[in-house]
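First, the structure itself, so that you have it in front of you.
Chain lettering (A, B, C and D) follows the sequence in which the chains are written, and residue indices restart at 1 in each chain.
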Amino acid sequence: MTMLPEVELPSVDMQASLGGVPMVSPVLTASGCASFGRELDPFFDLTSIGAVVTKSVQLRPRSGRATPRMAETPSGMINSIGLQGPGIDGLLADELPWLAERGVRSLVSIAGARTEDFAELAERLRGAPGVLGIEVNISCPNVESRGEVFACNPDASAAVVAAVRAAADPAHPVYAKLTPDVTDIVSVARACADAGANGLSMINTLLGLVIDPDTMRPVLGGVTGGLSGPAIRPVALRCVWQVHAALPNVPILGMGGIRTGLDALQFILAGAGAVSVGTAVFNDPSAPARIHAELADALGERGFGRLADAVGYAHRAPDEGSPGRHR
Amino acid sequence: MTMLPEVELPSVDMQASLGGVPMVSPVLTASGCASFGRELDPFFDLTSIGAVVTKSVQLRPRSGRATPRMAETPSGMINSIGLQGPGIDGLLADELPWLAERGVRSLVSIAGARTEDFAELAERLRGAPGVLGIEVNISCPNVESRGEVFACNPDASAAVVAAVRAAADPAHPVYAKLTPDVTDIVSVARACADAGANGLSMINTLLGLVIDPDTMRPVLGGVTGGLSGPAIRPVALRCVWQVHAALPNVPILGMGGIRTGLDALQFILAGAGAVSVGTAVFNDPSAPARIHAELADALGERGFGRLADAVGYAHRAPDEGSPGRHR
Amino acid sequence: MSQDDGATRMVSLPTGERVLPPVPGSGTGLLGQPAPPAEHPPVQGLAVVVGSRPVSAYTELTLEAPDIAEAARPGQFVAFAVGGPTSAMLLRRSIAIAGVGGGRFSVVVSAKAAGSTWLAGLRPGDEVDVVGPLGRPFPLPPPGTPALLVGGGYGAAALVGLGGLLRSRGHEVAAVVGAGDEDRLCSVEDLSAVAAPFVVTTDDGSAGRAGRVTGPVAELVSGAGVVYACGPMPMLAAVAQLATDRGVPSWVAVEESMACGVGVCMTCVLPVVGADGRSRFARSCTDGPVFAGDRVRFADVGTLPPDLLGADAMTLAHTPAGEGETP
Amino acid sequence: MSQDDGATRMVSLPTGERVLPPVPGSGTGLLGQPAPPAEHPPVQGLAVVVGSRPVSAYTELTLEAPDIAEAARPGQFVAFAVGGPTSAMLLRRSIAIAGVGGGRFSVVVSAKAAGSTWLAGLRPGDEVDVVGPLGRPFPLPPPGTPALLVGGGYGAAALVGLGGLLRSRGHEVAAVVGAGDEDRLCSVEDLSAVAAPFVVTTDDGSAGRAGRVTGPVAELVSGAGVVYACGPMPMLAAVAQLATDRGVPSWVAVEESMACGVGVCMTCVLPVVGADGRSRFARSCTDGPVFAGDRVRFADVGTLPPDLLGADAMTLAHTPAGEGETP
């Protein structure tokens, strides 16, 4: 898959940043696609990637939904897990220490049903070992707004972000994770940035449905589910492109269907400073490390000395050339 | 691909309806994926399908956009054609007569930049030979609203639908074609139905982007483009499901990634009374006829005597059984 | 029958395998402890197909993969990437390991839908990407314990290695192998070579005794000190019940739909009573596939039992899932 | 050199082929008429690979497909479905027909990205879904006209059938075949057997004359009554220019990115001067791939020339495309 150069390439500086916090790699896992990291330990060195993004954690332990929880779809899948997880207590007691002991950095994804839930979670994470920052999964139904998803509403999104920013450890950058299922993603992005988000994660899954031709009912216990995987990559890239064009100074953690280094490169060129690898991990549990290597090669091949120089590069004016051998 | 039954199945009544107008088959082509039908004539009998849905036609001939106009994506493609076409005069002079002479029915897709454009097009189609109805492609930028896409706004959508309904031949059912790129597709659907739409076509493409790793710029001349194909099928099914659940009496022409009879079955079960086959035609130019046959077999296998009985069947209450052998 | 006082005791064997006595759970009144994890972590790599032969309705593949073959223990499985480099199928297919030896392992594949059909079509010389060994192996009984093996359909294949191992350790082994019809019987020769009594059943009487495995199991279970079962869920439920009713510990290898196979996605869960007596959604890939038969809440599979840990936090999730809630 | 009075005249041959004299366009001042459509409509079916061999940097496949082989005329192409039944690649790959005979046809495939690589990897005995023959064949010159064939890279393969046909009709045939380097030369043997003079060029001088084909073409064109060219766009542009400058009619087979290959999608267009003297975006699949060399506006390929028919209607389309506008 990787475009291996025939000649030895000058090594590319792959240092990336998460809202100002430096990372050794721009490649992270995606929330819900790596659990809390442990299970991927046999497949690659977890300290070699930017961070493990944890499964979204809530205040209380959650069982998640009844099965079936997933269906495969063309070049993707839909899932409806229901945020099964140990809750913040379990995270702090069992998961974060395991990661911290091994020097693995984490970006903790938090989810809630009320603005205060998010704030409380951020507060609880103050000073937690190894935590690089907080990803706010606002693609959750807002119990105070008849279940409308926070991320579908710029005001509700801004309220959560502001509360989290106020409650969180000042050293923790706060990334708001956006849903693509909106008419105008730029307005939600802007609301989050104005409310103090240090960065934006995009995209969460698209709402989808699959019907089982045998039972002739929806496959998923939850009826609808989230569509992920390479199928959605063009939508994710479009969102990153639009938001970077409108808000060029807001850091973006790009995701949605990244499977190879060249996929990751597209997100970087569109404006993402770092990327998360989600569903591809199910296909290839060592994908994050492989993608880091492939991306480094791809950047080197294109004459980039530093990852940072490639961020947003596809937005350059029509007459601007390319770096290195493309110049 | 098709689930061929081992025993001879009782034949299924495949008669379908387009807003009350009967069709011999529930399978149609999709706008922009069959041109005006002629080119598919070598591959299957055009009179055997419900209708040819024409490429969206505008008042004047249009050149369309500069190339590149497409990029392949995982299980899909993005396109940015720019509505190249002969305009309504060319349609009436060359295309519709060709179809009518052969007894091929057409659903004419119309597009415009102003509400009046749509009304004028509908007016021009009064009494046109072989025309079964009108599909209103409201996924166009509205010149009077700084290019905002009509279908992203319930009021703008309703205005177009009302104007078309008023101007169109009363014998022509009017279908409004919705975009999935909205926060709440049900509200747009309801606005269209309230404005007099006889049915809803869904979905149009999702807005996407692909970056060329060589030029390191967007592949498409138009930067963004429409994502279609099996990749988007779960999103399309979700839209059909949601709208049928909210507006069970509004006929739906379902589309988005249909490639086999079982795919079409999912749309029927979710609430579509008929389906359009788009991108799959590029893979298999005889797909509409094949899908008709596969769908008929699939319905027969599941004990349905009539297509009509399967429409929306996946919404039945949890304790309701299945027809025929699934009972 | 060999039962002891209920204390958990691990017997270390010269091969490094850990032997867990299948004894009543301490304090929970259950017979089985949770199966301990495998000793060797999984690896990922390309395996070369060295043999393929039809086995009644199935295909037996033999693959060269020394890492996996050496680490594998009976009850574990592997996960294959399917469809080749341009596949639209992103998710791996889990298949039980049927036998190991000489740096090779074998699997028995039932061609169901596209992925397993692709697998079954592999030819000698083909390479396939595989991750394994995965999951927890069958715990071995204390020396001298007579064992009853019960296999349904291709599930019998997963018991072949176990049967051989038990015999080589001097255990008495009985086996019951059943299927819908003769064609779907599996591993009859291999298991009959190690087991006595050895009983075959088919639902339709086309081979062996007519009826389900439960008939012979009911007769044989009281002579057994431990029961091992692999096959369809209803069979596992019935066999576990028979064993538990007679006070005999049982181990069942369950088959739940899996997206990742390595423990990171939470799609493969089922309700299981934990060591602390509380029920949780346990992952069948990493907490299983082998569970103590009396710990699996078979009747509740596919539901969300209200007493599950964290079920109380799911109130909002009972409405159809919003896109971000779904994860 | 044979030129006549400029009237369009069709010569019907015993084989049923239509021969169009390559004469100056009536009234437009152009040398070539639009190429007439093929006589036989395309068919779709499975072809069996009966041969595969490496040909320098390419792979030559021979396929059994009597329908296509018998209907095909030089200049036409076929479109292969790629990746097998579980492929993520939806679009067909267009490949020129290199030779026909005995119910078989052959193609020369350059493995570029995933689809063409899959094609090049087909083995004898494999089946592949193919549609063809597609596109308009090279019109044949009036008896006695000396012809010059110019092939670049694998484009030379598309001229092999034509060379043979012209020779069998008694035409003098000269040929120039060029490529970047020796490895990318194609069909040298086949063409050298029918053409004299026969010149080979490589950009790097690794075989034949160093430099581009344009050198020898400039020398040979004045001895020709018609020029046929197939190869990369810049080569076609240069060759057509040389011919037109000398008043020699030329036919070029262009290669534009195609989604459907059958004329329904409008992705494959390029600006061409029509019979009426007006420029339009013509489909290279059904209006081409063979165009009169002086009708193709090579310099404007990839742009939207303002004088194109319907370009004036595109004003709104100059903003980035909205999802529904894009089609």
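Annotations
The rule is simple: a contact is a pair of C-beta atoms (placed from the backbone, for glycine too) under 8 Å apart; a residue touches a chain by one contact, two chains touch by 3 or more.
What you are looking at is a predicted structure, and each value in this text was computed from that prediction instead of being measured.
Between the interfaces A-C and A-D, more contacting C-beta pairs are found at A-C.
Placing every chain at the mean of its C-alpha atoms, the farthest one from chain C is found to be D. Chain centres here are Cα averages; for chain A and chain C they lie 34 Å apart. The geometric centre of chain C is 58 Å away from that of chain D, both derived from CA atoms. Chain centres here are Cα averages; for chain A and chain B they lie 34 Å apart. Chain centres here are Cα averages; for chain A and chain D they lie 46 Å apart. Residue positions of chain D touching 2 or more other chains, listed in rising order: 85, 88-89, 115.
Shared interface positions of chain A, defined as residues touching 2 or more other chains, are 74-76, 78, 181, 206-207, 223-225, 229-230. Residues of chain B that touch chain A in their complex: 73-76, 78, 152, 181-184, 206-211, 213, 216-218, 223-225, 227, 229-235, 237-238, 241, 257, 262, 265-266, 269-270, 298, 302, 313-314, 316, 322, 326.
Taken together, the chain A residues at the contact with chain C in this complex read 1, 31-35, 39-43, 55-56, 58, 60-70, 72, 74-85, 87, 111, 113, 137-141, 143, 147-151, 177, 179, 181, 204-207, 220-226, 229-230, 279-286. The touching residues of chain C, counted against chain A in their complex, run 41-44, 81, 85, 88-92, 115, 129, 131, 256-257, 259-270, 280-281, 286, 301-304, 308-314, 316-317, 319-327.
Interface residues of chain C facing chain D in the complex, by the touch rule stated above, are 82-89, 114-115, 118.
Looking at the complex, you find that chain D touches chain A at residues 88.
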